[in-house]
Amino acid sequence: MKRKLLSTLVCAAMVSSMLVGCGSKPTEAPAADTPVAEASATEEAAPAADAAATETATEDAATPAADGELIKVGIINNDPNESGYRTANDKDMKDTFTEENGYEASFAYSLKNDEQITAAQKFIQDGVDYLLLSAADTAGWDSVLQDAADAGTRVILFDRTIDADESLYEASIVSDMDKEGQTAVEWLKSQNLDEYNIIHIQGVMGSAAQKGRSGALTDAGFNIVTQQTAEWNAEKAQQIVQSVIDAGTPFNVIYAENDDMAKGAVAALDKANISHGVGKDVIVMGFDCNKWALKELLAQNWNYDGQCNPFQASYIDSIIQDLQAGKTLDEKVVVMDEKGFDATTITQEDVDTYGIGE
Amino acid sequence: MKDKVVLEMKNIHKSFPGVRALQGVDFTLCEGEIHALMGENGAGKSTLIKVLTGVYGKDEGQIFIKGKEEAVSIKSPEEAQKAGISTVYQEITLCPNLTVAENMYIGRGSSVYQNWKKMNGAATKILQSLDIQADATQELASCSLAVQQMVAIARAVDMDCKVLILDEPTSSLDEQEVEKLFKLMRDLKARGVGIIFVTHFLDQVYEVCDKITVLRDGKLVGEYEIADLPRVKLVSKMLGKELHETTGEKKEHLTYEKKSGVVPVIETENLHSNTGIKPFDFNIYPGEVNGFTGLLGSGRSECVRAIFGADSVLGGTVKKNGKVVKISKPMDAMKNGIGYLPEDRKVDGIIGDLSVRENIIIALQVLRGFFRPFTKAEANKFADEYIKLLGIKTASANTPIKSLSGGNQQKCILARWLLTHPDYLILDEPTRGIDIGTKTEIQKLVLKLASEGMGITFISSEIDEMLGTCSRLIVMRDLNVVGELSGEELSQSMIMNTIAGGEK
Amino acid sequence: MQTKKSNYTSISEMLGKLVKQQIFIPVAALLLLAIFNLIADPGFYKISYGVNSAGSPVLSGYLMTILDYGSELAILAVGMTLVTASSGGQDISVGAAIAIAGSVMLKFICGMNTPVIIAFLAACVVSMFFGAFNGVLVAHFKIQPMVATLILYTAGRSIAAWINNNELPIVSDPKFAYLGGFIPGIPIPTPFFIAAAVVIISLLVLRFTNLGLYTQAVGINESSSRLNGLNPAFIKFITFVILGLCVAVVGLIKVSRLSTINYSVIAKDIEMDAILAVALGGNALGGGKFNLAASIIGAYVIQFLTTTLYKFNVQSDALPAYKAVVVIFLVVISAPVVRDYISSIGKKISHKEVA
């Protein structure tokens, strides 16, 4: 019996360590490695790029598209079911790389690096012109990208960077998590509150999004009432805020590093009848710009949401057009701008344009 | 002659808490000899072998091995192997997912870097020399059980073993496989290997062995040349009844008066189960006490388990009061008014952590149904009634049954089945391991219940007990029903003769 | 002198009896935590009366938080206790199964606009189905429970996401939030009432059926149970199905708390807390005898511990480490060797005092 018990516990320990192990992957994704585009830039760039594309197509006879030849792109992405962010990202890709826009696109999805590498090899063999890659893991890509270079396939990274020599890819479109945090903190400073007592709810510790979004706030020197990781989990966020409320510690800002956790925090506030939103007792800040979160902003229940831009397709499109036109790129790493929405200025249009998911 | 001895064990003693498992046992094995080690339950066979192979340490005594002047001390199975003593068990202890050759060489030799080619070559050579039909490179699991066993033997032979212990090697083999194994054993014998053969099949002993050592109750009964020990004598030695003693026994025997027109309460035809017992016919009348007798492993428990549906029944019919009933699981038997007190009290009988009360009521409770639990008062009433009736010594009905003595545990199980008021009750070794007083109580109770009309099948290793309880005995040997004794035939000598078979 | 001696013996006897009682462990743990908090900060026990944003009266404070969140665990502990008792193993897929149950509810409420009760019943059916799946693996295919439930543990959250096409619908009906919050006019969290209902129902089931006797018998000695007419495989199977039902109820509370769920993180690690509750209740994780009340108290003790740790601002990703310490402590003190040792020491002390 004792032995059985012991082995059970060992199992439990193993399983729980596995929990920790797997936990980071799916959770990180929804909020984190998501390039948040500068909203305004995307907005303008997208139509502009489209226009450019059509222009080149019609005017510049040198592009393959103009010859009626489609540009072959192989797109390797993470599983769109992974998160709302990824779903939006995939949809954006599919909407952009269409035959009407002069592309013949193939897609491969996997959350596993080795499967992605296999897919990449297949695309290279199929002779795609461009390989668009959102890598599951940063390591292990050198040799396959070398194959691509040898085969004349050009590589563009989006959303995630990899540990490989820069010469192996044409461009990398990423977002700047630090800047996301800075934008949010700048906004918070601009509120000119008498005092700042902040509940800081963090994502999974060590993830890119957590580091970027926490960094700016920690450096800003506000009074932080409590700083806890809820690991992107709404329930945990609710418990953390509940605990602060139960303790009776005063606070007036909730800085949650994603929308889910902000939602959890708000649930705790509602329970204790603490008002929140524009002109209320507590300022609520979230990240990722889920559509439901932006609606909360629109209803003035929340105050701020930092954008997490999944719409990289237009960037990629314009880069491809530039490359096709024989232009050289100014910079390899293209950082998408990211926007922060303020509840007082957000419009229904913003919600429809930038909201992720339904 | 002396130098032919490969193994000599002298005056071996071994005790466990509460049990003196071996008391001054001697055992001698010569080169090129197949030596049967025989004994009933608790005789000390397995303890002796475990002492020899270093699984247990001995309390007293000496072990000599050929080529060494001094007595050797064997402290672990590894040391036993080094000393040239190898054991092949009934259940294969090799790795089924490795190849035959790998199994033969795994964990041997100092070299970590195996030369696969060399290893396979060597294995093939040994397999051929022993005429074992197996390919060195095939996976062990793909071989038949017999071949697997032979591979285990080949492994032992290759390790230069002088003493080979075969512990119940034939239990799961069919006749042809047994023949092959015997051929191998004879080959090894010709090579000078001394073989200790443990089995409960009498026929096999007489087919292949040269000598027999009989143990009983941890003591040496004697060592005999096979020619000097007819079967019936062997049986009498194992059971501890000298033949001359049995001839002068009292003539009293129990009889059962069958009334005309009464149908058997239970009757079976060609019943057999997945345990290997041969199809058997059996019947018992209301108010009759009969029994299955035979040596350990002869199949007596397997027969009653088949009747109760405890093992998976493969064929045959069971009739209850003349009507065919289907019994495929214990619940079916219970619904047909059959109760079964199992042989192994600890494993199959008691539910250790549950209270005496729960242990007593469980069978009736299960019969009554999931949605109709007894109230606490009802359960207590039943429990108290039977605690009193059977004189179960327990602090209270709430005491966990595991804290009771063996005899009292057995009474609780008996109470459990009496509470269901069965028409037919099977008692498999109800008296094993319990004190004499309780034994007689149980015997009396059995006779009383029968007089009230219950049919009872009583199984015991002790012939006296059987004779004192049963009016008819079904005799088993090697998983076969070999005879039925009643009336005048009910005597120890007849029983032993029938068990031994063949010779009178 | 005589009376004094008998006093001592009776006290030591009583203590000995108390220590032997299964319920002693969780109650002692509860007292320990309670005393710790009382010394550290009596404000822990402050309960204030107010109104929530929906305008209904609520009681709030750490104790209410414990009552609220502990109730989810208590419900799971009921099912987990039965599974543990019958199969001698634990179901580690409850967290993932809660995600599935929640997803089914959202699908019905938001996708098909059915009433909450229909959605809940659908979730019950689905949860019981997945419980049955685990049950078949354990009972029929004789796979070790932790290994068998590892399958659903791994796949469950993906299934949950798939049910709603990875969308996260939000239940807009404010009444739905009552289930995980407060019913207007009643200042005690609703989950507590749900847990109470579950507990009462299970106690009634144990009283009016043989579920308790059968599961324990099978857990203690499967072979013997079979020879007494029980069907061990079916009894194991049924306990997994019952756990499935408990999972659906917890899923209902979880969905109601936030009006939605996040498939990848909802009820994350809750299986560990549920198993811990069973262990803390002094039930052998190897199966056999069980005490449901002790498990339920165990569940609230776990939440007590969690809330205490939150109060002291322990990083929430460090919580499992603290719980691990509790597990180690529990396993050690519940080992028969240690218990005998403790009671023998107790006897010695009382003897010395007498002398």
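The first chain written gets the first letter, and so on, giving A, B and C; residue counts start at 1 in each chain.
Basically, a residue touches a chain if its C-beta (ideal position, glycine included) is under 8 Å from a C-beta of that chain, and two chains touch if they have at least 3 such contacts.
These numbers come from a predicted model, not from an experiment.
Engineer: Which chain has its C-alpha centroid at the greatest distance from the C-alpha centroid of chain B?
Structural biologist: A
Engineer: When I count C-beta pairs in contact, which pair ends up with more: A-C or B-C?
Structural biologist: It is A-C, judged by the count of C-beta pairs in contact.
Engineer: Measuring from the mean of all protein Cα atoms shown, which chain centre lies nearest?
Structural biologist: Closest chain centre to the overall C-alpha centroid: C.
Engineer: On a C-alpha centroid basis, what's the spacing between chain A and chain B, in Å?
Structural biologist: 70
Engineer: Starting from the mean Cα coordinates of chain A and chain C, work out the distance between those two points in Å.
Structural biologist: Each chain's C-alpha centroid was found; their separation is 36 Å.
Engineer: Give, as an integer number of Å, the spacing between the C-alpha centres of chain C and chain B.
Structural biologist: Here chain B and chain C have centroids separated by 46 Å.
Engineer: What part of chain A is in contact with chain C in the complex they form?
Structural biologist: Interface residues on chain A, with respect to chain C: 1-2, 4-6, 8-9, 11-13, 15-16, 19-20, 23, 26-27, 30, 80-84, 87, 204-205, 226, 228-236, 238-240, 242-243, 245-248, 260, 263-264, 267, 269-275, 290, 292, 357-358.
Engineer: Touching residues of chain B toward chain C in the complex: what are they?
Structural biologist: Residue list for chain B touching chain C: 308, 310, 329-331, 334, 340, 342, 347-354, 358, 362-363, 365-367, 369-371, 373, 416.
Engineer: Show me the residue ranges of chain C that touch chain A in the complex, using the header's touch definition.
Structural biologist: 43, 46, 50-54, 58, 60-62, 65, 69, 88-90, 92, 146, 150, 153, 157-158, 161-162, 166-170, 181-182, 254, 257-258, 260-262, 264-269, 272, 275, 284-287, 306-307, 310-311, 313, 315-317, 320, 324, 327, 331, 335-336
Engineer: In their complex, what parts of chain C are in touch with chain B?
Structural biologist: Within the complex, chain C touches chain B at residues 207-211, 213-214, 216-217, 220-221, 223-231, 288-289.
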